[in-house]
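Letters A, B, C, D, E and F mark the chains in the order given here, with residues in each chain numbered from 1 onward.
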Amino acid sequence: MKKLDDLVDFKTGRQKRVIYSDPAIYEEELEKIFGRCWLFLTHESQIKEPGDFIRTFMGEDEVLVVRQKDDSIKAFLNTCTHRGNRLCKADHGNSRKFVCNYHGWSFGFDGKLNGVPLEKEAYNDQLDKSKFGLIEVAQIASYKGLVFATFDETAPSLEDYLGEMKWYLDIWLDAMPEGTELIGTAMKVELPVNWKLPVENVSGDGYHLGWAHAGAMTVSSSMEVGGLAVGNATADNSGAVSVAGMNGHAVLAALDGQSGYGFYPDPKMAVDYLEENRATVIDRLGEYRGKRMWGSQINMTVFPNLQMLPGLNWFRVYHPKGPGKFEMWTWAMVDKEMSDDLKQMILNNVSRTFGPAGLFDNDDGDNLQAITEQSRGWRTRQMDIYTNMAIGGEHSRDEMPGVVSEGLICEQNQRYVYRRWLEMMQADSWADVPSYNNLQEARATEAK
Amino acid sequence: MSAQQAEMDVYVALQRQLYQEARLLSAEQYDDWLAMLCDEVHYEMEMPQRRLREDKTNNWAPIKTPIFNDDMAALLMRIARFKTGFVWSENPINAIRHIVSNVEVFNTEIKDQFLVHSIIEVHRSRLDAERKRLTAGRQDLWNKTATGYKLLKRTAVLDDSVVLDSNINFFF
Amino acid sequence: MSAQQAEMDVYVALQRQLYQEARLLSAEQYDDWLAMLCDEVHYEMEMPQRRLREDKTNNWAPIKTPIFNDDMAALLMRIARFKTGFVWSENPINAIRHIVSNVEVFNTEIKDQFLVHSIIEVHRSRLDAERKRLTAGRQDLWNKTATGYKLLKRTAVLDDSVVLDSNINFFF
Amino acid sequence: MSAQQAEMDVYVALQRQLYQEARLLSAEQYDDWLAMLCDEVHYEMEMPQRRLREDKTNNWAPIKTPIFNDDMAALLMRIARFKTGFVWSENPINAIRHIVSNVEVFNTEIKDQFLVHSIIEVHRSRLDAERKRLTAGRQDLWNKTATGYKLLKRTAVLDDSVVLDSNINFFF
Amino acid sequence: MKKLDDLVDFKTGRQKRVIYSDPAIYEEELEKIFGRCWLFLTHESQIKEPGDFIRTFMGEDEVLVVRQKDDSIKAFLNTCTHRGNRLCKADHGNSRKFVCNYHGWSFGFDGKLNGVPLEKEAYNDQLDKSKFGLIEVAQIASYKGLVFATFDETAPSLEDYLGEMKWYLDIWLDAMPEGTELIGTAMKVELPVNWKLPVENVSGDGYHLGWAHAGAMTVSSSMEVGGLAVGNATADNSGAVSVAGMNGHAVLAALDGQSGYGFYPDPKMAVDYLEENRATVIDRLGEYRGKRMWGSQINMTVFPNLQMLPGLNWFRVYHPKGPGKFEMWTWAMVDKEMSDDLKQMILNNVSRTFGPAGLFDNDDGDNLQAITEQSRGWRTRQMDIYTNMAIGGEHSRDEMPGVVSEGLICEQNQRYVYRRWLEMMQADSWADVPSYNNLQEARATEAK
Amino acid sequence: MKKLDDLVDFKTGRQKRVIYSDPAIYEEELEKIFGRCWLFLTHESQIKEPGDFIRTFMGEDEVLVVRQKDDSIKAFLNTCTHRGNRLCKADHGNSRKFVCNYHGWSFGFDGKLNGVPLEKEAYNDQLDKSKFGLIEVAQIASYKGLVFATFDETAPSLEDYLGEMKWYLDIWLDAMPEGTELIGTAMKVELPVNWKLPVENVSGDGYHLGWAHAGAMTVSSSMEVGGLAVGNATADNSGAVSVAGMNGHAVLAALDGQSGYGFYPDPKMAVDYLEENRATVIDRLGEYRGKRMWGSQINMTVFPNLQMLPGLNWFRVYHPKGPGKFEMWTWAMVDKEMSDDLKQMILNNVSRTFGPAGLFDNDDGDNLQAITEQSRGWRTRQMDIYTNMAIGGEHSRDEMPGVVSEGLICEQNQRYVYRRWLEMMQADSWADVPSYNNLQEARATEAK
């Protein structure tokens, strides 16, 4: 699909609108991106006991993620190998086995086909059950609690896939000794929007906060966040950074150590927790991350569809449902050490800010839907749109990996996300996909 | 079923109260609506879960996930947001209708406090031909006071496990 | 809100009246329906506009655009059309249901005249699996007369800015 | 129209009865529901036909096609099926809401027997974002007994000529 | 469409899931299958009088089937030849003529254009009305009460199309002297399912009965049906057969002479009827069919979309509405000799078991919908599914035509139905479509 | 797309049904017809003051039409040039500027990008705002109050595009000194219908009036209209004409000077107005148009999607929303001179006859929807349909331009509309599109 070349231009930050509406491009995405990348499945804390399972999606494919007896985790296509029925209709739960509703084939939660009704009478014992176990994903792995899988056995290891992003992920996943957990269940919302638009937004769009969310910020902001102001009257980019160029992953980060709770109307309880535990975190992550980043407002994007806001404790994955539709699943993720009261307070605040009735979340839907709709008209779809803010500001910092620009308000990250999108779409296989696990290399590439 | 039905006049009065409340909410008359609430009001709606009937284990989501879990302060904050004039998604107004049905009223152990069941459907007309509709069940506690009936507690249950609107810039 | 609620028996009677009216309309019992109307009845519904809240200028559409703006003569003409037997689009009958909810009744300055709010949803089953649904709010004036309650005025507001049915061969 | 409206207290009581019945059905409290039925209950719903108004010939389908045509034994059988635990399509529960409106109550020739009209809409939330909705009209006969009102006969009419759900694992 | 080759493999009973979701394959089906095969229109009993008509579908094409003055039956596309308006909007009825709502062109119920308003004033009598009659189907014919039509004038005769299936059809259609009739009107249900899935199911899937319908069987089974048991705990295949290889048609039959009413909670009235009339039937159909098959639980499939269960008196046709949608129309079919009471009892039971609120039917929808949905995902759609039960058990029996396997629980029939599907899809014309009206020939073919 | 050749045949008045349902043909229409033709935007009276705007569509593209300070009118794609958000969500109104909801970019109502939040802090003043103004249409122009635009800068001038149609348009637009105005707001209705069907209907289909609208005519007709009669019992074509061949534009006209109000139950007030002002109109338009046409029932079609009925004061535009869907927007258009009472009476009557609950309009929807549906079936879609009424009756008249046939009941106009459709669809550019601004030429062309 060389024609893709003119759809995205990294140097100028240009995109053609058709990438948000064209069905053929979307089909290609299902194969080249969702069929190849490591996709988030669940957090280990959601499936603690053997038999605990969650039903989720990889692209449009439905999968069951199940905790095994040996504490390992497996993921299967949620479909019976006999006539293809959906195997499990529950969103999550605990089950010793999965029995198909159509003919009663019974699969262990290890995916093995254990029971076939009338195996003797009807199949004359000729059925080789070992050939009809559930279909597993090609690779599955965890990074500090987060479980990912890919359909592509040639995909690089999860560690390599995450690359330098791990340094940032650790700010949340490895800050406290006991690590993190998701609490409650997913808040699921379906939007008539192309899946790339929310990813673009959270990956780097600090610019919209002061305007699109002016109403919410007015009533619920409790402290300054990375130099943002209601109505974008002013902005101070000195205390924050945009970081990208890490295999499509990206980070937006304030550097004050507290502003993550800036959108909570009453963050005291959370801020106290930060300061009580900061010493521990500095021990584990060092001065810079422990002091300046832990607790700050940070947006983390793991390409292609996982986004997290430590501090705010917000955690979200997107499941595409067609070129103009996706489901977003949102959770609160917390440190296990937190008190039950603090966890409840955080869950309430995550819901109140970015849940289905969230003061902030309710500002974004119409904008993203409108962009999707405005990528369809015959004339409009030919238009280019741009993420060209602060082009040329990219540099590196010794204290952190990745390509850096100053401030939360800067479109560098979106440009790098779209570059990765193009790289994946144009590659015939993983062999053609560049790795940016080494910053020099990455910069070299840009130089070109 | 054992719950005891309230007197007819109470039933009728609260049925009218719920219809009036619905009209106020549809008309964004939030101050009038607030006047219908107790100061200690608790307003909650939680995210439904689809689980197997036989799966009673509690190692799944011991904490309930709220869509709303509001006290008066939280409700005031939501309303304050609407009043900032910065909520672009509600400008122009998305014509909204709060359709209430199946009102039932029962006495409780507490005198002048009534348990009220109802169903609410919210119909919204969005841009051009777009429509949204959400259905929910409600279980309320209403107190009879000198200044009329006041809502003490509302527990709503959304009838979808995936929310089918891009925002909930309204109350159920 | 300041409007005064009607006595309970009036409220209940008009609630029943509106339900009965709905059933008559669904059953095309137009003569029975006409008997429920005052001779000076005014029946109107206007086309909604989506405008910015801050845009109060009146150089936009000073004239209201009616979907209905009927006196008794106009209503009789619509019914006469149905009775010609030439309205092919209603043959076979499109099964229709007039679903009424949120009935509220208030007194007015005029004795025996009542302000009635309600919501109506019209569900139609068309050819094969096709369905249509329209939602509207209604504000009525009903007069209590020796021969029962009669509709003096109905102002309906359609909850769509684009009409999502190919005809409105019915009344709201 | 000639039918005579029941006394107000009967009207209100039966309105509440229908709302309560709806809640029991939505909650699968089938035993409580059965307690609301007469032993000789007849519960029926037939498949609508779309025919030309002028076509009155009876060489078409002299026999009515039932969706339900149940006596108590048949209802008990349906409920027994639900209780087997083998009805996989209802596990997990499909959140269901029975939305009742337009309740009308009339006296009949028989003392303590009442004709009750109503409309019911059944909203179901299925897997993930899937929803189903069915609308029907109902005409009931309810008997007033020492142990409360009991349903003697229900004749429901589905408002679709093609059923738009893959099962009707519920009652209207 | 040679690529179809790898979509269905007869020998291993394999199918690719994409055949249940791909729009291009569906378009091909409309032309190659629904555009060529003999399709069921109605039962003669539904249109007794001249002018009686029914509005139905052939594939997605809407047709009017009308009884003529000379008692013959004609079928027309239900569309006006002027500007193409739908001609008749009623589901059925009786009409002397069909007048178009748009400009009033009036067609006799023989399809002739009789009246054109203002023919003289507007058309100056230049319109050759004989050229604007309604469009008839290419061929129409009846087999013992069942009316079929095809859009293909090169299609074989209905008799040849049905071939050896007639021997089985007669067990219902020709058992009693006065023959059969449909009673009541069609129970119509729309399902988000590919049309082949219910056909596959009823053609041969005795396997799902004990499991998918365990709840219904528990409460309403009144006698043993072909060796089935609730929960498929056991099964006895000795008393039943699966028969296929007859031009895609198939039969599933118990051989006990009564079990057809086994799913009626109280079948006494029906069983009495069987025994009262069995002598007559033996006279007409001979010992074997009269004793062992008449009254038994039997599933009959006439390719591609007609299915019948004599005994249970269930009769159903499927109308495709896209790759993932169809309407199913269900009736009760009875012997004319039956008493009105028995007919009413049968109608109630057909509705209660397999109607829109049927105890059994309500178990199937979700399974078939799930299979359809699970044929869409990028990864899942690449999966194969199998109907490989009892492969190798095919044989012949002297007492009955067709390829036979023992028992109701056996996937032979599905394999033959998919083989026929592939034959039709790959054929450029009927000339390329093999006929299996001779068993030897059929077996020979398999041998290959 | 030469294959289009066999889709429409001008000589025989034949069309293939697939043009009403094929998605590829529709995509082609968006480019070749809606992407090239002059499309109606609004009436100048709807946007009187600077800042008055209306949100409308050109094909499926959303545009804002805005009155400028200098009283000129501009039209912009209603989409932000930053990330492509919908700019204005109001249907109409008055605004000094358009501020995007996503990041607050602020555009003047002249389309210039005036304000970019944090232009300095975030864009380092590197953003060339002059390059990010709103996208204007290629050409915009007015004809006597009606504002049109085109996306094609090579399109002929509006005057040339309208050509001889102007002679007819003037009968309404230029009859009275102060000209016309639209009153009220658009009555919008969405129909599941292909957009060409209503255009065909109003362009020349006088034939359907007496039949399709028999019910409405029975109860509301107050005078004879161009020889029509309820039920099409009779018709007199002498007093009316069908006119076409004018670049796809068409006219249907009675010649009595009053029948325009024939569908108003009580037209007296309107008819009095006609006679009070007829002298003035004769002065301005001459005897023929002033006496015989002004006030008559006249249908005017401006290709491709604008239609007007002077007399009835009905004004309508169609916006396509896919091959099987469109929105129709209807207004009442009146002479500015009319009294407020008369204007209100006219608005009521336009609504009552052809509004969403209009006595007449409610007769058309089902017919047009049915034609659309009956263009989809595999067999039905292969059928041809015809507009062959009164072929050969075409001639010219000295008193009026265009190709003329006698009477309102005559399908000449539809044939010419479809000829134009084919010419546009087959043309690679405007250079290939024939002009018929000279009648001789036009006739010559037909001769071929």
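In the analysis below, contacts are C-beta pairs under 8 Å (C-beta built on N, C-alpha and C of every residue); 3 or more make two chains touch, one makes a residue touch a chain.
It should be emphasised that the depicted structure is a prediction, and the values quoted were computed from it without experimental measurement.
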Number of hops, chain B to chain D, where each hop joins two touching chains: 1
Common touching chains of chain D and chain A: B, E
Longest centre-to-centre distance from chain D, chain (CA-based): F
Gap in Å, rounded to a whole number, between the CA centres of chain F and chain C: 32
CA centroid of chain A to CA centroid of chain E, Å: 49
Residues of chain B touching at least two other chains: 12, 50-52, 85, 88-89, 91-92, 101, 127-129, 161-162, 164
Touching two or more other chains - residue numbers and ranges from chain A: 86, 89-91, 101, 188, 190, 212, 231, 327, 366
Touch relationships between chains, expressed as pairs: A-B, A-D, A-E, A-F, B-C, B-D, B-F, C-D, C-E, C-F, D-E, E-F
Complex interface listing, chain E residues touching chain F: 27, 30-31, 34-35, 58-62, 77-79, 81-86, 89, 101-104, 117-118, 121-124, 126-127, 135, 151
Of all residues in chain E, those that touch chain C in their complex: 86, 89-91, 101, 188, 190, 327
Chain C - residues contacting chain B, complex: 1, 5, 8, 11-12, 48, 50-54, 101-104, 117, 119, 121, 135, 137, 157, 159-162, 164
Interfacial residue positions of chain D with respect to chain A in the complex: 88-89, 91-92, 127-129
Footprint of chain D on chain C - complex, ascending: 9, 12, 16, 19-20, 22-24, 26, 29, 32, 85, 91-93, 95, 97-101, 123, 125, 127-129, 131
